[in-house]
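For reference, the structure I am asking about is given below.
Labels for the chains are A, B, C, D and E, by order of writing; each one numbers its residues from 1.
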């Protein structure tokens, strides 16, 4: 689906005289040296993509990538243009899960085509914000690429922040006084972190190339801005590594805790067994059949025996309580 | 065994006037500047390979490698040709196992010789598909190398997908409510992943060389296509690493689970022991031989004692049930 | 807040004729070729920062970074100046915690602007010490950068020393004869170490660039001094890695200890159960109803039975004591 | 001990007119431009080595290394010659152990001196095979170096194969239905793998230098052959890493197994305890002294009680059997 | 303290006409082009070091480093001289501990100043040995640097050998039939290894620079000698890594062993409990109050009951013995 297509001249959106889906016409309208077209698509069909490819002479390999999605993040040069693949990430609160989508961007001298797959990281707001800043948009396609990348990396930071909260919760759970089953949660979080890592890390290299101004289609003066994005990306990446290693440690602590709990249970059980055993022993003693057992003939012998059991139990109970076994 | 040999001119298969096994004749038929021969062999004998080597002046070390198979994936330059070793992988459903074979490819200015070992990744379909695309095949030996490599890497992706399914199953098993023995399965999966890694990782370097167009026998314009293959290879490689580390975490979770189960068993056992102990204690008390024990003379003393045992047991049972021990 | 701003000429502070907050005036006062201004700010508002940026023509991206803080340590070149981000660390004794702040430094040919966030690592003493050493301050902005970086890295070393003490305490606790719960403490220390690592490691690269004299705004002759700082940084970094791996080993030892303790508890419990069981067995024997049981008719049969129980218990107790079970 | 010394001219062994131990004479016999001497020694004394060093002007540091052995594998250039240190490995079946020796090779324009330490990897067969291939030996000292290195790396592959078999055995043992103690075996295998790694890995760099033809004393045309050896070396090295990581996983599985066995034992024990407890409870009940207990007066009350015990035990036994506890 | 200072000319010690502590005079005595002074100090005071610094114009940063010690091993160039920091290691047998000291070496065209901190690795013998070898000492300051470095690295090898012995002991202890507590010992050894690593690893880079002859103050012809030292250093470093990873495996084996022991204890305990339970059950049976229990009236019923208990116990004991539980 073509979400929007527009012609920009000196940072200002020029009303189109043709249908926004008639891309040949749209492109033909780029008459000035700094004019450019930005076409935004969302999960286009093969046909739609074919038309775009024809109108802007896109490289067939890149078009195929954009159609099927599920690529690694990458930056490729084709003749006079570039092709950029970004993974989008968003956090679904209800499931504590990270979902992934994809944005493919084709950039040429006079056009930007963004192809979005999946729910997250819509670009309409990005376009609106950009259109509101004439000065920035006047830098041409570079500005659009920067705006998209900046927006995507911002969502990475949000996801990382969510995952930090999740890790904090796990941490609180592991060290809480309650008994908790955290291994499943830790496993799932580690899987989510692996997901983020797969989106973030392969993007570092392309961002570095943007940041050093070594990508031809991106203007040299945009370099500091991409450097800023690259910095954010590194921060997300380091944050993910730190979270992952914290989770490993938390898991070990969880294991240690299970052992400690087992020990406590065993001691508690043993204490009660001991208390019962003392009662049984006393009962056994007065169940012996000796002819000469004075207590058996006492008036309150039976009461005495019961009292003996209770006293012994209470004494034991207090001893165990004191030593921390109960 | 020589599976097939054919002469191609401008992307079209030229009928041979000689026997397809008479390789000297076949090669002699390459008269045009863009003619080339593609010989496909499957587990050839030493003699067969000798004949090919003689007809195309292959380097003896490469021929020896192709005969014995069991090489690491590699790309080597010999004078004016290259020698490429690829591992083939296929997944045997019945055994959840990954099997490995090998393809050796000799490439010269006017010939491609592919030598296949093992069952998997047959190349006849590859040849047919290629013959159907005249434009592609017209690029000469490079096109054949690309087609073979692309096919092999595609099978890697299939294997990786199968292993992802296996890991998902292990994950489901580890966290299922049933008690499961997963350590063996995890071990075997890790061994399979090591197998895949040994096929995939050493190939990354050669693919990069193809992708940057720095291999003389491969035409410059094929570079973007190899870049695509290299990308897929990296994706498989990263996928394998992620699976391996997920398996490690799953194994830890499995260990934690065993501990938790042990704890649960111990508590369950202890609860039952406690219930039995209470009955025994009551029986012991009324087995005492005191002269003055009023209950002993009650009409329904015996029934009362049994009732006491049962009531105590039920009360304990409920307490344990409530606290989660039973 | 502008903490202080001053004009230095040949290493000497020149009294200002204008208000120290009127930065345009302050800058205008730099008439000599080696004059420079050092403005120190603490958590400035956006407005304050805007004024500084206007007075010294700072790059908007750097200004934004300085306003929001929470950057990675980094060194960036903008046209004719540099922008340096440092994390500050301080150790809060009451909580055994490492807190982090940030210092941003803008350096130009004739000015240094330091923007500090968070409580730690105040720079007033640094300024005073520097003003006391005319010779050093005469080297211009480089001297100020060096003084700040040196001060920050010194605090890193203090923090590392504190953490070493903490690790020593954990180590003593893990191997103490008392039973201790160390996994939480180890977890938190590992988290603190991750915090330090995030401050220290990204700074190594910028320090190396200073140390090799490859940063334009920093004079060549300051290189050995920065080399010294870089050395300290590496030492802190290595110390952190060593502590982290020691903690991992300590954690494993802690786990081993829990297992050993469990074993000891189990043996102790079992020994007492055995002692009780022997008493019960003796009582059971003399509770049998055989017609012919000579002991039952003995004068001191009962006493003999009790003595038997006590002797058996003492013998068992001694055996267990000797074998180390009690 | 000087094992053999010979003069080769154009790949053919020339009978010596002097004693083979008179090395000055032997060397003096190299008159042609392609003549060279190969002296083979086995654990020479200091004196013997001194004589060789004098006859061939070897560098004193290299001579000292060759005398004491216990060096890391390395390749060093001295003026116009090279000095190569190789570790030899052999597998002692009786002890499942890997033993290590050493071969030092001095190479000059017109000589090769091989000094062997330890039992393994004798070089007489290597010499004989080489003398049988005139064409190869005609390439001069390079051919000898290649033959020695090729032979040594072949033995590495044999050792690696043996260790693979050992790992397979451990794997079978860990997952066998019998209870096994595998931790010691795994530990020893890991130590053997460390041994192999120490021989193999430092040799990779020298082999690469041979393979790229960047060692002056080795002829350029030998490069593809050394490339082949380098390939084998990498394969051994990767195989060792894979085995090592498989052993780690096997060890973890072994640990999991111990836990599972403990659990099984505990449940088995508990089941039997429960069966005994039921018998004791029944006996306790009929040991109570109530005046009115009808069963006590039954004709077959005693038999009935015994039957009750047996039935209860059998029922419990079946229940435990069914639930897998017994 | 100035331990010794001497003037060397062409490898021979020249008697000084002035006090050896009057360093200005000593230096002034270096008249020949190859004359040089070697001053040896041990834990000098600030004053002493100031005098040396003044006499030889040492760089203040290096002097400060030499005064405070506790530096990382490093090699620094200052104008026309170098400054080398080495850690010294020695093994204290009584405590199985590795102690560390430091040697700082200043080298100029005509002087060497060695500053030693801590007990170990005294240099007097090094000086004596060097003075005995005129030829070597004739190479000037390089020879002294080599002698010191060689001596220091030799002590590293001794320490590594000691630690290998310790690891062998731990290994023997872990796998000995006795029950042992090895986790503390393993922890401490790992800490010692970290200590050695911190001394050895940072020195590898400087040694490589010496070995490639890229340090100006060290003569080119000394390079092979430093290459030898560098080799030893790498060997120590690899040995430390191997020991560390062996210790990790040994620790895991120790953990496995604790689990196995726990299992054995549990089975042993359970066996004895079963034996006692059988006796109690028999006693319970004959304690029942049935009117018709023939055994109770037997002449030797009591003896028969005791015999039953004993026989049952012996049978059970044998069964447990056979199955390995006792």
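Going forward, a contact is a pair of C-beta atoms (placed from the backbone, for glycine too) under 8 Å apart; a residue touches a chain by one contact, two chains touch by 3 or more.
Each chain and its UniProt protein: A, B, C, D, E = Magnesium transport protein CorA.
The structure displayed is predicted, hence computed values, not measured ones.
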item	value
Other chains in touch with both chain C and chain E	none
Graph separation of chain B and chain E (steps between touching chains)	2
Rotation, 0 to 180 degrees and nearest 5, that superposes chain A on copy chain C via CA atoms	70
Gap in Å, rounded to a whole number, between the CA centres of chain C and chain B	43
Inter-chain centre distance, chain D versus chain E - centres from mean C-alpha coordinates, in Å	27
Junction residues of chain E - those touching two or more other chains	255, 259, 262, 266, 273, 277, 280, 284, 287-289, 293
Overall pattern in which the protein chains touch one another (line/ring/star/complete/other)	ring
Chain order around the ring, beginning at chain A and proceeding next to chain B	A, B, D, E, C
Touching residues on chain C, where the partner in the complex is chain E	171, 174-175, 224-225, 227-228, 231, 234-235, 238, 242, 245-246, 249-250, 252-253, 255-257, 259-260, 262-263, 266-267, 270, 273-274, 277-278, 280-281, 284-285, 287-294
Residues of chain A touching chain B in the complex	59, 61, 65, 71-72, 74, 76, 78, 181, 183-184, 186-187, 190-191, 194, 198, 202, 251, 254-255, 258-259, 261-262, 265-266, 269, 272-273, 276-277, 279-280, 283-284, 286-289, 293, 295-302, 305-306, 309
